[in-house]
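Once you've had a glance at the structure underneath, I'll fire off some questions.
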């Protein structure tokens, strides 16, 4: 981790912590410090982190709702159209629109569409897939971020970002190791 | 599987266990494993018993099938127009020709439907008194017989194919040799001949060869009746008129399903018993019989006794009604006189109360003495002339067949027979009495000629084989049971180079090699000019010329005025003068031609004396098989697969025993027993039949064939199931001294119905006439019908036509002609025994059969219920089909769209009537070319994996609708006849438009005995039933009456 | 974390584990070169079974359903029995993942992954049967799906079979998504632990470049929760719809309102039984005692006991309704099940599904892996017998005695059935080889160190 | 080296998703088009015939009525393909030795039928009936097109089920007065929009309920 190396474009600076508490604390401090464009990385979800970073994305829920409604309309509409308009047939003496019989399919389609919305919506909002990301340039990050270490990265495009100041700030948080993240 | 374990289970279960199926009782691993050895799936898949559908073909077929539904291209097809189109033919529309299908020489009048020159369906001839539009099963199935790929294909001499010319010269030389000896070594063997033209040819042959002899043999014909008739001189043959009979007593007679008159008899009998708005009375039937028959099943009172005891009963009855009876044994001493006495008293009282309106019938399989008794009783009751008329025989030169054959065999044995010509495919090597040893004696004949449809057991031992021409391929004439001369005309050129019997016979006349057409026309030209016949046109006037007469005869299919009733003569066995001359034919020729009259042979003497009853034992009763008769239909898959009445067993013969006897001997259905009888032995799987005489065993002819063809040949383990192995000439129909032994072997039987009790569900509803008169609601009360308002949905309206069907099970005799008619009309495949055993038969209309009564008293009631698709308005099948392959038409038909069906079988599961049928394998025979032209072009040929079912013959409905629309009118009532309705001899099935209040079906459905099966499910079946009404004699009201459980 | 209850349940992870050890032990199973011979054996057995299935199905397509024992009246035989059986088994996974998640049952974490995998494979096996049971799948495939076609004709949406098509395919899809979403962070872990570049790239692609950012985790958790919320009604609906296949019919023994609940209970029952059947050997085989603790096994035992009782309740009430309705057809159906020709099946069913599970009342048995395995085996068999009862004994004697019949499977039926078991085994063994069979990242949250000092959440 | 992907991979990963969708769509569309194409339906496809019979010449040129050859069109399901005799009615006088007619003369001479290839070939499970359509005022040209302008016969309609069903649902637009049925050139009068409905009543043609019942065409 030689830090003197001249860096072309800088994505930000990254600090490594080795337990959850430190990370959460660091995140709180960073937020308090006025940093906004920073991101915490952990091998499993830490709910306190969401709080201290004030993360709350309602769009996923909204997408799911929309998905569900679309599914419901599709299901009901399809069946009604097929049975009453496209080719009305006398089935077992039932009327063309014997709607109680249409409930199961409607339900299934509701669920299906909602589920699609949830998953693809989530990945979409997370900007995944994104196989390449600057943070992976940090070797230790690539090794440990998904296993047993915790990271806080403050991005260069944060208005308050100042290379040296931010570095020292991060170190002050008791980071085990602070390193530049190249673009 | 040992019987003790079955017995223990039997003991455990109670009630009518003996009607439960073998399988139900014997469901043990061993039995299963055994079954699998019997029907290894592999074997049945790789080499099909019918030997046609081989694996590879099937594979290709089913792969080809993959295309049928999927988006593959239509294969390119050709159109091949005529070069010169026949005048009367409209391509795409069938033509109908009147013709006749002879059965044991007697004509069954038919109309044959022909599509572009292929006969495809046989209907009864509605104009003809012997049919009135109906036919029996055999006649229906004749269409398959025509196209049977196993038919004899060529004239052969010692196995080498020879042209007709060579055969002709061979016969001519044989003839010229015989000429010198007056034909001393020349013998002819044929069945009974009723054909005037053939009789004349025969007469001329016999005239040309005075020493030659003509022998008649039909293994199933009734020598007893014939002997009795001969004894009466010229006028001994009875014709019954059930439309006049109020009380009918049968002495072991199965007049409803056996005998040439049965079709017409069923009609009259049914009419006489049908309760309608107009008719409130019905006739009463007492059946005194040995083997249970369908006639017995219709009886209001049925008394079972040994066949040998019938005569005694008849004698007592005669005594009771004061009819002169020849001396002989009286009713059995063993039996408590009370029962017999009670019955005799009651019946005779009833008979005397209906003098002139009653009728006593002797069974064909009873000796002459019983026929004589019946006749004298009828005379005493003044029935002769009203319910029965005795007239001349329709057979030319009737004679005792057993004696005639014995005579021939004696001659063969003595080496007197140099040339033997066997006409008309009666297969004596298989069917002659064993004691004659026909096969051995045949070897002593220098020149044997066999003429028949198949290369059968006899053909294999003869020098010359000449293929017979199927009735649908040949010209000819024959008389129906009522004497009407009926014309047979060809609808198609002989498929297998066949020649009719008369054509073969002419080779011995002065003008050999005449074609059937010429012979026939020549005969009737002369007969028209002057003969014993009184030929009249429909309006009773004589025809102006022969052509008018002949055109009419061919159009009608029969010659009016030739019926016995219209004064038609006995079929003359004589040569008519070539030159038209007034007056009767020369008696001299008559004299010359009369066949050797044989003295009344042993058979006509009461068998129990001849049958050496000394050694006691059981009584053995012989019967023709209900579906393959004496084996002449063995190779007809339709008939083989037709469930046999009362047992519903297919493809096999069974020996019938009374359940009680079975218990005594520790026998279960399917146990193979060995029958020892007068030094002969045969084997047969048994079947327990309630109502069977306790001390008798009935065996059926027609099985154990070895040279019948791919369909009819018996499997190795069934070759001994041949009743002919036991038949001796002195006891053709029954006799004492039978010993049976359990072999320990089991033989799997394939039955289409295993369970014959109603389990309190009353699919068949029954009441006595009295009960019904008192309270017509009694029928309705036997089931519950939910109110039509019981639904959350609005009701579907049916404007226009609203098709429905009413089936009168009071009239249904269970003859199953409807099943065969349906098979023929709707291209229904044969599936084979293994598939039937697995429960995969394809019949669209089945005839359910239920017993009621208890084992011990023999007053068993049997009911028959034809079950087609109910065409439910709330069809459970439609609701569950995922692809809408079965939906409701605007006329209320439950349509089945084969090409849409994916084969989930859900519809069948959900059908409470289980009338749907599924092509589990590729059942339809796609490979046998000769079967293509047989199929009905108006009905799709279903393929593998497709559900199918009764459509109410929608092809006929559509044709009728289109015709009606083209004429801007509505379809008339009765214009559309479903195949089952059209064939039904007792008019039990009526189909029509329910929206027309005047249609016959609407009227029937108004009757209070009209009910729907399982209406409690709110399926709203369009097919409903008219309940059975029985008319018991209060004095004999059987205890078991109430056991039609409800 | 929730407030400490008076009774502290045994931990779902043995003490002494760190993030590192958890990761190593679970991911190690996938990334190591060495693995027990028993794995090869299992895979081989599964492969052989699959080949047998292939053979049976090929012959079926060539010949048609006639090679099976089905007939009229018993139009459905093994195919549908097995379908329902597999679908039932296929319920545990999603159920564990979804419902237990909603119920905050943290012990689910160590079993949900392979339970979900099991679900997927079971549904695959199940889905096979409706396809082939027509003998002509090429038609079923394209007539059952609603799409504009040149015939202008559509599926018949009143048929439960169409409902099945939608329910099962939806269930398969959603389960797959659920499973995959759960896998993504672990795939990232594997990506980062793998040695060779190709493997890393492979996992890299599969993990979509997951990097564990807090914002991602937030959306991730919300989506996962919603997915659970959706799967819960779905999983209940699927077996309800399957039960409609019977209840919509009018056959006595099918046409019954208690079917939906008791089918669902039965499904959970069967599902947990199968999870146990797999968990017990896996645990021993890969030394996962630390993660699959006794608590898991015991809890599953309890669930089986409860659902087993519900199922028993179903049987009792089937008989009760028959008696109470005084409907002769229903009554005969029940009588026929108990004392008819197929009576051994009924009593075997009672033994397997009702009697044996009662042992689970005893804690010593609930905590004995061997016994649990033994009992779960009985339940697997019992649930199959239940479907046999419903399909065969209901159909073989319905309304008209004249059309009563017989069913007996042929060798092809049996080959197909065991074939699918083989397929299932093969897929499962492949799965435990190439993917972490326990959710690593969720296990990490179970490590004491995951707890944020003075934190509120968790 | 800790990066296992180049930065451009991000673009590719997104593109690949798009590509997959596009690919699926094109495949589906392709299959659909093939299914609708003449390759599958034989629409507008010429077929090899034993001799080059020209409807354009006989109908358009000579003005021979359809029924002269297709005799049973009014009474049967099958309109009939004329027997060789019909051809010879004229061609025993006309063009008696035109080489093109040799197959006809041969057929007539040695009594061997001409083997035509079907142009309009419905599946065997479809039961179409000419007589009723003709009777109800559906013109020949409605389904067969301007045969009088076809030197060689080809199938004008695609004959797929929804093509049939569309007319069965709403026959009015395809009806014409009975006397115009065989008139190839008949045009729907622009000044009489109500004609179809009027004929519908006049010929009392069944409603869609009956016309779209399965058993109307399938048995």
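Lettered A, B, C and D in written order, each chain numbered from 1.
In this section, contacts are C-beta pairs under 8 Å (C-beta built on N, C-alpha and C of every residue); 3 or more make two chains touch, one makes a residue touch a chain.
Computed from a prediction, not measured in an experiment: that's the story for all the values here.
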item: Between A-C and B-D, the pair joined by more C-beta contacts; value: A-C
item: Inter-chain centre distance, chain B versus chain D - centres from mean C-alpha coordinates, in Å; value: 48
item: Separation of mean Cα positions, chain C and chain A [Å, integer]; value: 30
item: Averaged-CA centre spacing for the pair chain B and chain A, given as whole angstrom; value: 82
item: Whole-Å gap between the CA centroids of chain A and chain D; value: 58
item: Residues of chain B whose C-beta touches two or more other chains; value: 876, 879, 884, 887-890, 900
item: Chain D, residues touching no fewer than two other chains; value: 4-5, 10, 13, 35, 165
item: Contacts with 2+ other chains: residues of chain C; value: 152-156, 158, 160, 162, 191, 204-205, 208-209
item: Arrangement of touching chains [line / ring / star / complete / other]; value: complete
item: Residue ranges of chain B touching chain C (in the complex, touch as defined); value: 23-24, 27, 32, 41, 45, 58-59, 62-63, 65-66, 69-70, 753-761, 763, 835, 838-840, 846, 848-850, 865, 867, 876, 879-884, 900, 902-906, 908-910, 912-914, 916-922, 944-945, 1013-1014, 1017
item: Interface residues, chain C side, partner chain A - complex; value: 18-20, 23, 146, 152-158, 160, 162-163, 166-167, 170, 173-174, 177-178, 180-181, 185, 188-189, 191-193, 204-205, 208-223, 226-227, 230-231, 233-234, 237, 241, 244, 441-442, 444-445, 449-458
item: In the complex with chain B, residue positions of chain D that touch it; value: 35, 39-40, 42, 47, 72, 75-78, 80-85, 107-108, 111-118, 121, 123-125, 127, 129, 131-132, 135-136, 204, 206-207, 209-210, 213-216, 218-219
item: Chain A contact footprint on chain D (complex, rising order); value: 1-10, 13-14, 17, 165, 212
item: Chain A residues touching chain D - in the complex, by the definition given at the top; value: 87, 89, 129-132, 136-139, 141-143
